[in-house]
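In the two assemblies presented below, chain A is common to both, partnered first by chain B and then by chain C.
On to the complex of A and B.
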């Protein structure tokens, strides 16, 4: 799951994760840092719903649950387990 | 300037995406990662048929609810002209055509705006933002990283800024007039695949807009608020909580030749001065030249590759279009018009 989400963010939304200063950390807010725009967010939600067979509600979309890689991973893990 | 020959930059053997395209990889057969996951071209017609039925359901659910059924972002180019014609004639929707005059609409395209709307017998609004702001917007977009990397795979930075301004204006109009649908003329590759129908929740959109506005104010100055913002009062006053954003061209599946043939009946004529990839905007080639200098791939390649992948364009035509990269001499007049020096790019 971790690798699937990471690959999507890297390959499709072109976010470069890493430890050096120029790369993005797993906890970085992807919206505030301008790495995901509204189109990207629509794509991300559709990808997560289709890939992991989950439903993401309007409330969850409006929450902070999908704002960073770490939060996305935790959110999807919780959804899949429930 | 011409793009590197196929031997210098690897091209996908099916769709023409180049090895310089971000996030792309190739398998042993020479297929790019997007083509590896794509069905054969003939299967796309079934996919488009399903999408057309979903579109019809959205149209049926919203027809007759407001002064207009749909606002169409109408550039006067071939795709938005075809969209306007199809929504009016095929689906019987009451359309309001809205054009943003960015100051670079070709003379023939201006005639096309009038010819198409007049032939279809529909209302037409033209909005002209202040040229001083638009020139600053374009120059800054050409010299500063304003947009996400993913957005730049769909259009040049100059086009992205313009598109975002246009989209925002359409949302404001929809709110003012309580129009439940906004239609764009975007084709495959210009927008994400899932965007034939997108339901825009105004609360969700507000979140992205607030982040985007911060960047736009920083890059484009205080006037950006008026062009990229949507006042809370307008949102609160509107009866709409959600707006259907549709891109019907993704479901139509028509070739460029057929589009031009059909809209010619409306009096639409092809421009001769807008380059290989635009049928309305004189600034388009500058956007391509700048993008190619910065990123080493044609910003239209994603769209063109998708047309090939889905069987709407031949690979030969695609290679011709992708490798037509304007040199500076071809775009110098437009660059000067927005105060851009080639060395600043």
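On to the complex of A and C.
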């Protein structure tokens, strides 16, 4: 799961995750840093629902549950487990 | 309509270095590079201090309007690009003051207005123009530009000599002038989409900002505005909406009436929307017995408005010509169009305008009326509504309101509303002082900035510009600030220039914009916001009230569809875009040191393999910014530009050294 989400973000946002200079931290807010836009967010939600066969509610979309790689990962983990 | 070029030696040293015998050759070469702006005739004046000239497209006073024009004493000389719409009124005023005229041209009126009133003449002009006026007695040069940026004027310093031209490409013919990409400006352009009014994208090359003048005497320079864009608190309209509607109708009608002054046929662009319909209707109401209208149609249904255009043409009774544009046409014409555009662009919509002006020219028409300026004055853009809705936006409470925004963007649909609301919620409060209205737009530009090598604050230049314009900007309200930003960026920096003047003049066609009559702009600024948006956030509400019969009801009730064209999709996998392969090869991109080459390659690979519908708006923009920047670098910095042999029809060449002293 970690790999699937990571690959999706790396491929669509054209970023690398890591701690060195040009890389993006897993905890970085993808919106504030401008790495994802409204179109990208819409696509991300659709990707997660389809890939992991989960339903993301309006409330969840409106929360900041999907604002960083780390949060997306734990959110999907929680969803899949429940 | 014309193009002007020239130079002015600021010091005797500079004059001595410039061999005066070269003047005719230099001026002719500079004019030849702008032959498209004025193919009918060319002329110049030069002496030991200065040299300037005009490539002229004759529209008013075809027979005696040859330029540069002197006054009777030959002390003052003018090279002029533009139209002075109130020249008859000004001429009468000047004649009453004792001025005598040798021709019927508007150019001579401008010259005498300057002789009479100095720079105080400039706010009196109802005009779209750029000019150079030389006073031989004082050895003083004036450069000036119209209020809103209809006509261009660039300048650059070359070793103590001030060199100027309507288009930067003329600098390629001035000895010692060179082009280098300004990295800081590029970051700004990639972020806010356009150069600021004084910028060009190149190091050292500046624009006379619209509404400003430059006066040069020896090495002493004055660079100052003669007008200020404002929504003043005093003088607000307080009458009834019926009065406001009637006045709006009258002021626009008179703006169109003045713009029908021409010795050649005037046609119109008919987009299918409200603004061009109003100008067309008013042209008919003001005495044009027959109007030839033109429009662009797309085979791509997402962008096509042909059914509205045809319905409108039938409704208004115009003789209509539509130009069908396919994706391949855009890819094929892009390089030629950007050569004319001269600055990086973020979308392709200017390219169809390039093709359209060619068609208009082939039909033998030199002047068209267009609708620019209406959205900025009467609140036509969604970004104004967005600013109102996003301020204090609560995703839970306000998600439904997004229904009113951007109905033409595919991902702004019902299914995605909550996700969009979430994004809006994060931009509900101002992050950058003063720029709230445009923050989301600018934020999305952060992606394009990654194409550049150096990491910079892409808003640095705009923040400085806004600070320089305090206190006017500081006391504007939310929507007025959004308008101010549009008037300073997208309108002069793209709509009137790259998509407007540069594309129409590429084929010797002059655009006239009644909505940019300063009386219309100042009137709209006095109107309360409620009359512009109406009771239900309905864009340009007052225009719809003032011209209820201008559009068929079916079009009137449709949401506004901005003029757009296919962007990246025009280039992907198209044989007409073959040239991008070479342009974006590793070796070629390496010649552009300001790019992050690795990221550019990664980005290009991604968009080339993207599925249909998988390209975002910011990716479209980034691609077009990269493509235009790369082509401009090739043309201007590397010097590999399209050359065309032209023969100037030289009708005037004056050596001022042979004239009696002024």
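Note that in this section the second predicted complex is superposed on the first by the 82 of 82 C-alpha atoms of A that agree within 3 Å, B and C clash if a C-alpha of one lies under 4 Å from a C-alpha of the other, contacts with A are read in each partner's own complex, and residues count from 1 in each chain.
By our rule, contacts are C-beta pairs under 8 Å (C-beta built on N, C-alpha and C of every residue); 3 or more make two chains touch, one makes a residue touch a chain.
Everything numeric here is computed off the predicted structure, so don't read it as measured data.
Looking at the shared chain after the overlay, A:31 reaches both chain B and chain C.
In the superposition on chain A, A:61 makes contact with both chain B and chain C. Of the two partner chains placed by superposition, chain B and chain C are both touched by A:40. Legend: residue contacts after superposition of the two complexes on their common chain; A:53 is shown touching neither chain B nor chain C. Residue contacts after overlaying the shared chain place A:3 against neither chain B nor chain C.
Across the superposed pair, chain B and chain C both touch chain A at residues 11-12, 14, 31-32, 34-35, 37-43, 58, 61-62. The part of chain A that touches chain C in the complex is made up of residues 11-12, 14, 31-35, 37-43, 45, 58, 61-63. Residues of chain C that touch chain A in their complex: 395-396, 399, 411, 416, 418-423, 425-426, 443-447, 450, 599, 602-603, 606, 614, 616-618. Taken in their complex, chain A has these residues touching chain B: 10-15, 31-32, 34-43, 46, 58, 61-62. Those residues of chain B that touch chain A in the complex are listed here as 22-23, 33, 147-151, 153, 191-192, 194-195, 198, 201, 203-205, 207-209, 211-212, 215.
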